[in-house]
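Quick one: the structure is below, questions incoming.
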Amino acid sequence: MGLNTSVATLILSCANQKGLVAKISQFIFLRGGDIIDLDEHVDNEEQMFFIRIEWDMKDYPSSSKNFEAEFKILADEIDADWEIKYNHNKSKLAIFVSRYDHCLQEILWRHSNGELNTDIKLILSNHDKLKRLAERYEIPFYHFPVTQENKFEQEKKELELLEQNQIDTIVLARYMQILSPGFVQKYPNGIINIHHSFLPAFIGADPYAQAYQRGVKLIGATSHYVTEQLDEGPIIEQDVIRITHKDSHADLIRKGRDLERLVLARALMLHVNNRVLKYGKKTIIFE
Amino acid sequence: MGLNTSVATLILSCANQKGLVAKISQFIFLRGGDIIDLDEHVDNEEQMFFIRIEWDMKDYPSSSKNFEAEFKILADEIDADWEIKYNHNKSKLAIFVSRYDHCLQEILWRHSNGELNTDIKLILSNHDKLKRLAERYEIPFYHFPVTQENKFEQEKKELELLEQNQIDTIVLARYMQILSPGFVQKYPNGIINIHHSFLPAFIGADPYAQAYQRGVKLIGATSHYVTEQLDEGPIIEQDVIRITHKDSHADLIRKGRDLERLVLARALMLHVNNRVLKYGKKTIIFE
Amino acid sequence: MGLNTSVATLILSCANQKGLVAKISQFIFLRGGDIIDLDEHVDNEEQMFFIRIEWDMKDYPSSSKNFEAEFKILADEIDADWEIKYNHNKSKLAIFVSRYDHCLQEILWRHSNGELNTDIKLILSNHDKLKRLAERYEIPFYHFPVTQENKFEQEKKELELLEQNQIDTIVLARYMQILSPGFVQKYPNGIINIHHSFLPAFIGADPYAQAYQRGVKLIGATSHYVTEQLDEGPIIEQDVIRITHKDSHADLIRKGRDLERLVLARALMLHVNNRVLKYGKKTIIFE
Amino acid sequence: MGLNTSVATLILSCANQKGLVAKISQFIFLRGGDIIDLDEHVDNEEQMFFIRIEWDMKDYPSSSKNFEAEFKILADEIDADWEIKYNHNKSKLAIFVSRYDHCLQEILWRHSNGELNTDIKLILSNHDKLKRLAERYEIPFYHFPVTQENKFEQEKKELELLEQNQIDTIVLARYMQILSPGFVQKYPNGIINIHHSFLPAFIGADPYAQAYQRGVKLIGATSHYVTEQLDEGPIIEQDVIRITHKDSHADLIRKGRDLERLVLARALMLHVNNRVLKYGKKTIIFE
């Protein structure tokens, strides 16, 4: 999965029809694209067609603008939802944090390691505790203290900052604040959260305390897109680890950190590598 | 974990006090017991003491009755909940089934293989579909068709049958019926259920349909003791497996079968090997 | 993954060339095939093209013979290795066993459950211990006692029996005998073995004893195609489970049984659902 | 597992004898110790007794020197190997690294987070690439460039540095150099390595290339004590993750990093929390 900058990726869904793969692959072939990876699936129950195609455009003579304009004609014919992304156009990321460093640390370390094909433009927090970590990795850090009184006002300023930086993806790396519906609506496919439980179990506050009380034998973490309904957005990635009766509430928090950072990092990699297709309240993950 | 018939197991819990391990291990030593395995833990938050001791009684001269009478004196001093079980006294099992064979098949196969130190005395069902499977393994099969009208009456007859067979443990191997509170109260520590979700997610009917709708990335199974609150009893064992968008509802049912039978079998093995201590709404598992 | 009998599956590999997906999908479309699932991948290092396509032929007017004859022309042009299988032509299976019942039990139970789209034509063993299990599932059982002296002779008779039954796939479900090179050569892609270790660790005899001696923290199982080199054929599926110092050699055997039967069953399902492409000493698994 | 500084831990092994638990727990009780956690096991095959006891000494009036002198008398009677460690005496750690940062980063981050009850005294490397990372966490960094010619001389200087810092535990966090037997002998229980395979598979150089060639379906990592035999020391912890045919050699390296750092961190936590007992070529892990 090394990132070749001449690579483009199409993600598309539509009602199932005969000949779709032939049509789309022919379209790419005729424009000089060399298909590297194609994953297609028809959901029999819903009769929906889902496809992800990754191709190399290195011999492609004209601009991607033309390509998309021409593809739009095809897509309109088959009444498809679609998006084409280019490896050379990195997504622009803002990371929202609070006081916990594990998820931020994980993302910054992976990014510095070349694992995340994205531009981390800024880190934003309602506390200033992680400022130093941001500085180590030379990412601008913005401090927006939020209170019940100034929330609306602060969100407005945050949105301005995001717009100035042309942010397309926001990662809530244990942000611990609930964004207002108006904020969420501005980024309908672009806010990724990590919840520290195996959703839909333990929705809401302090899931580790809930898990400890219930006596579950595994704890989980869930990364999902944020929608206006708390903890109910489309799930991108989940995982669990085993716990025992010897684990205190504090142990669950400690063990859970390892899960949270890995699950969030995997979800973010799937998102920036264009491997996630949102479909209703669910996601299709092309792995 | 091979089963030596001269082995006894104590499971005990009480408020934490100094010197408990010394007292109890001394007690066993003085009566000729040779401790094979001891697992003790103090819960710091609750200041509770939990212990499981397994010892070989082969040189122990007198009867287990005496041993228990003497141990009762010690246990009363420290105000403990306790139970001693002997490998030569196998637990007596009844398996309740409906129409699904996977859990029953798994238990009968493991039993025939020598993995389950228990006497399977009978299989009971509201359908007669699994009669032949019971016959293959030469276990008596009882057919109690249950309707809304005759439920109370049938449960009464079932309880009589269980009593005649001195049943101490009931396994609901996908029984698909809700036992009445009166029935459950007769076996406060002795009814083990398998629920086909990662509880507390997807309580109630058709958890695979719920999982499919929610778009989770893992499905789970949970084995727990049955209490009067549906799906809320102390959890013994849980596990999960990964699913993808290619899995239909039918695929979840198929993949889930593998989980259900393994999770139920593991929970049952923990129970019959005296490795489960119920404590409030939770279990301590001594592995 | 329910099996629709009008479905066909192509598995194909060749040197990478531009336009392959377009060519092949167009070919299927023009003959009325409706592509349900397509998974394509180009190995960048080897510059090899691998594809699996599953399509519904329900509206396809002519015989599959014609289809294949026409496809051969295309395949020759691109110099491909390929195979088309049809759900209505079930693979014909022989299961070779010795004295352990767990793998056989698992396969027969899954088959009876409708999970395995295959005809189990016969069970063959050098012992008669599992005859009764074969009879329960009404599968013919053949007893071929093998000694060092009669091995060659017995294998000859076995091959005759396999030929009479048009067997295409042999499953060694803990067969415990090494097949002679001449036998193996008759089924170059058709013998599936289960080895009770995480290969290439613990090749050869009694891998659990080797694992116990080495003090590993996980034990594994590996299902692979049989080649003339012992335990070195292309791997189809592997998995592991955790063990502890409390596990004796006998415990490893017991715990390993659960792994062996699941890993073998998963490998067999991948094989009969045409999801395995052998490529050199490796496999491509289309999941 | 929060670390209470008044806690002591005994790890002991000896030939099995009756009354050992009673004797040892009585000894601790009489000196005012309050047992928090006790895990005992008898290996039936070897007839060996293994125990780990953790107790709170907060009411213990006299010095630990006295305690150990007295315990020595008991231990000599039963001919035991034993060690008592005190949470207030942290182990003193040196981390050896080369050019890869992932394992070092993980250990330093966990340490800064309070998860590792150890003093990281120094980082030592044959390259200077990770100097900046060491500085960020304010740990002294020593650069010892090693060549075939100066290896013996450099190791001598390294040993002097370790002695000056009273190092008891060395972590080879992807050090990429083989220590000479003389060096290893100085730290018979104190050098922890991470090998990037599921040992004993893929011993030696570039295990990911070996795994890629062999076509395994899982890759692993193993943390073990270093002995004079390369990659053959007692295993502390192992784990695996799933890979597919889509993963290139570079992908294995990337995915393997996540395994390596977690497996090494878990092994190190077990070691510094006195949960590892070396026994012959194996370890007993008290979890």
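Note that the chains take the letters A, B, C and D in the order they are written out, and that residue 1 is the start of every chain.
One rule holds for everything that comes next: a contact is a pair of C-beta atoms (placed from the backbone, for glycine too) under 8 Å apart; a residue touches a chain by one contact, two chains touch by 3 or more.
Here the structure is a predicted model, which means the values were calculated and not measured.
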Query = In terms of CA centroid distance, which chain is the most far removed from chain A?
reply = B
Ask   = Are the two sides of the chain B and chain C contact the same residues or different ones, given that same means over half of the numbers occur on both copies?
value = same
Ask   = What is the distance in Å between the mean C-alpha positions of chain A and chain C?
value = 37
Note = chain A and chain B have mean C-alpha positions lying a whole-number Å distance apart equal to 41
Note = Residues of chain D that touch at least two other chains are 37, 41, 44, 244, 246, 248, 287
Key: Of all residues in chain C, those that touch chain A in their complex   = 16, 18-22, 25-26, 28-29, 32, 34-42, 44
Query = How about chain B: which of its residues touch chain A in the complex?
reply = 41, 43-45, 50, 198-202, 213-218, 220, 234-240, 244-246, 248-249, 281-285, 287
Query = Which residues, counting only chain B, touch chain C once they are in their complex?
reply = 1-2, 37, 101-102, 105, 109, 113, 115, 136, 244, 246-248, 250-251, 254, 257-258, 262, 287
